[in-house]
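Both complexes below contain chain A, partnered by chain B and then by chain C.
Here is the complex of A and B:
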């Protein structure tokens, strides 16, 4: 199995205002894949399609080498899911919710569950609906981990949580991943949170997957370059040009946003009669924002 | 798996279901006691039958109410969060629905036991006038069938989406409008004809029609 998640040509209309366009994503097995995008970009809709909670209008999805939605029960047996909004029955107590949830999973591990609940200090007799936001987040993560999944699909699992709870949840997740080698798809719009532990990144905006690449390439390969005497066209460039725009403040030349940059590509500019004056490094958040901006400019220009 | 589903449904419905079970036991007992107070020299057959007919309305109403209650509580918590939890569990949807249906059916046993016990206790304690016969078993079986039918119908409706419920409401509204419009024509009683088809034998709701008599000729 090379890809734990694979979609091709996914289309889904979620209403008059929103549509997923031709989403083709590949989440390599064993990777921690950060699914980034602003609010309303289509991350949750994509995740719900992956898990068979919505039916696609067009396109194919496979999870763990099984076809969605045909093999859904088997896929879900091997997949832990933390939804964006808590979905457990609020009238059950924590221990009742655990017993209920665990009854559906073949690999449910009682002792591991107890361990997780001790680690998260969850009150067993508290009703789920009365838990704090942090406790609910911990409960959802504990339930997802206790089924010993091969794949974890986490939809903004730390959204709105305080830093202490966030750290607790993420460290439990990372411990599990390092022990079990599970694949993780984690969506967020908190770029810095994902930077630390993801090794793949997918960027979503306006219902489209605008980029998908290893984290290393994302962090090091996206640059802003200041070019003097730019040509009309950058023919046969060894990097991908995402955006061209004039330099602010009457400074000569232009700024280009590139993907797939490497230092030894600087020689290319001499060959097209231009010169590279400056290479601006971007951290993950800047890279994320710049890529979104480039995508939106391209979308506006058609 | 069935056990935890049964436990959760029991938790959601236990209070009203206990009330319904008590009511199911009490109705036959009260009906006979009430009839006993009417006659000054024991149970008067004629007055007893009138009383039984009056109380008889309570049985189908209770059966329908219990069916509705169990169906609504079976799906209510799932409806409230768009079924996302149920759909994310590793079980085929049809099987999950069957487990919910089965759990509700088990819970339905409580008021059925209540009405059976109440009917037998009431008729055993009463001095039934000559010429009349007690039908506790028949009443209990009829109640079981009616409650089961009501539960199945409401469960099927309740299992659907909001859109399905909308279609059903729209259908009923259209029926009322049609009844009003056609009611203006002489000799046309659309609603009456439909109700007749539904409630008269062999209509699908025939079990609810007719007389529900604990004691009859």
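Here is the complex of A and C:
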């Protein structure tokens, strides 16, 4: 298995205003894949399609080398899921919720489950509906890990939680990943958090997957460059130009946003009569915002 | 020791982690036989991908700074004084590279830098 998740040419109309448009994503086995995108970009819809909670209009999905939705029962045995909104019965106690949830899994491991619940110090007799937001977040993560999944699909697992709880949840997740070598797909708005541990990035906007790259290529290959004496056309450039715009504040030259950049490519500018004055590094958040901006400019220009 | 790991920096995280350990060894802060945290521990503590820690440890092993003993963990190796000096020189070169790229960004040329550096170093040695 080279990809734990693979979709090709996914189309899905979710309403008159929104459609997933030809989404082909590949989440390599063993990777921690950060799934980024603004609200309403289609991340949750994509995740729900992956888990067979919606049916695609067109396209193919496979998880753990099994076809969705045909092999769904097997896939779900091997896949842990933290949904965007809690899906537990509020009137059950924590330990009842655990037993109820565990009953669906053949390989449910009691002692490992106890260990996880101790680690998160979850009160066994508390009703799920009475848990704090942080405890609910921990409960959802604990349930997803308790089934010892090969794949974890996490839809904003730390959304709205305080930093202490967030760290506890993420440490437990990474501990599990170290131990089991599981694959993780995680969507979050906390970009700096993803920047620490994801090694792949997929970026969605307006129902399309606009970029999918290893983290290192995303961070080191996407740069803003300040160019003096820019040519009319950057012919045969070894990198891809996503955006051209004047420099702010009346400074001469132009800024270009490039993808696939490498320091060796600086020589190229001399050949087109221009000079490279500045290379601006972008962190994941900057890169994310710049990629969206470029995508939207290109979309409006047709 | 890892307090200043910066996930936003363009320097890859594995390189930052390896760099911290290298500096600590060169400075004598970590001595021969010191048992480094396990991959699992360090990944969970720093909230980084375990693969990142593995990559850092492998790089340090390749360079001879640590030894990976199967089943026992990762240990700091003894480093010669000469090697430690080499590391300090390498650290200095990195600082200068950072300074040069910042200078290029601001449009400060090499001559101005040299003058400023001589003056600053001079004021340090006269003190």
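Worth pointing out:
Simple rule for what comes next: the second predicted complex is superposed on the first by the 302 of 302 C-alpha atoms of A that agree within 3 Å, B and C clash if a C-alpha of one lies under 4 Å from a C-alpha of the other, contacts with A are read in each partner's own complex, and residues count from 1 in each chain.
Keep this in mind: contacts are C-beta pairs under 8 Å (C-beta built on N, C-alpha and C of every residue); 3 or more make two chains touch, one makes a residue touch a chain.
Worth saying up front: this structure is predicted, and the values here are computed from it rather than measured.
In the superposition on chain A, A:10 contacts neither chain B nor chain C.
When the shared chain is aligned, chain C comes close enough to touch A:197, but chain B does not.
In the superposed pair of complexes, A:68 makes contact with neither chain B nor chain C. In the superposition on chain A, A:81 makes contact with chain B only, while chain C stays out of contact range.
In the superposition on chain A, A:52 contacts chain B only, with no contact to chain C.
When the two complexes are overlaid on their common chain A, residue A:89 makes contact with chain B while staying clear of chain C. Contacts of A:175 after superposition: chain C is touched, whereas chain B is not reached. Applying the stated contact rule after C-alpha superposition, one finds that A:165 touches neither chain B nor chain C. In the superposed model, A:99 lies in contact with chain B only, and not with chain C.
Residue ranges of chain C in contact with chain A, taken from their complex: 7-10, 12-13, 39-40, 43-52, 104-105, 107.
The touching residues of chain A, when paired with chain C in their complex, are 30, 32, 167, 170-172, 174-175, 177-179, 192-193, 195-199, 216, 219-220, 277-278, 281, 283-285.
Put simply, chain A touches chain B in their complex at residues 48, 51-53, 72-77, 81, 83, 85, 87-92, 96, 99-101, 103-105.
In the complex of the two chains, the chain B residues touching chain A come out as 1, 3-5, 7-8, 11-12, 77, 81, 84-85, 87-92.
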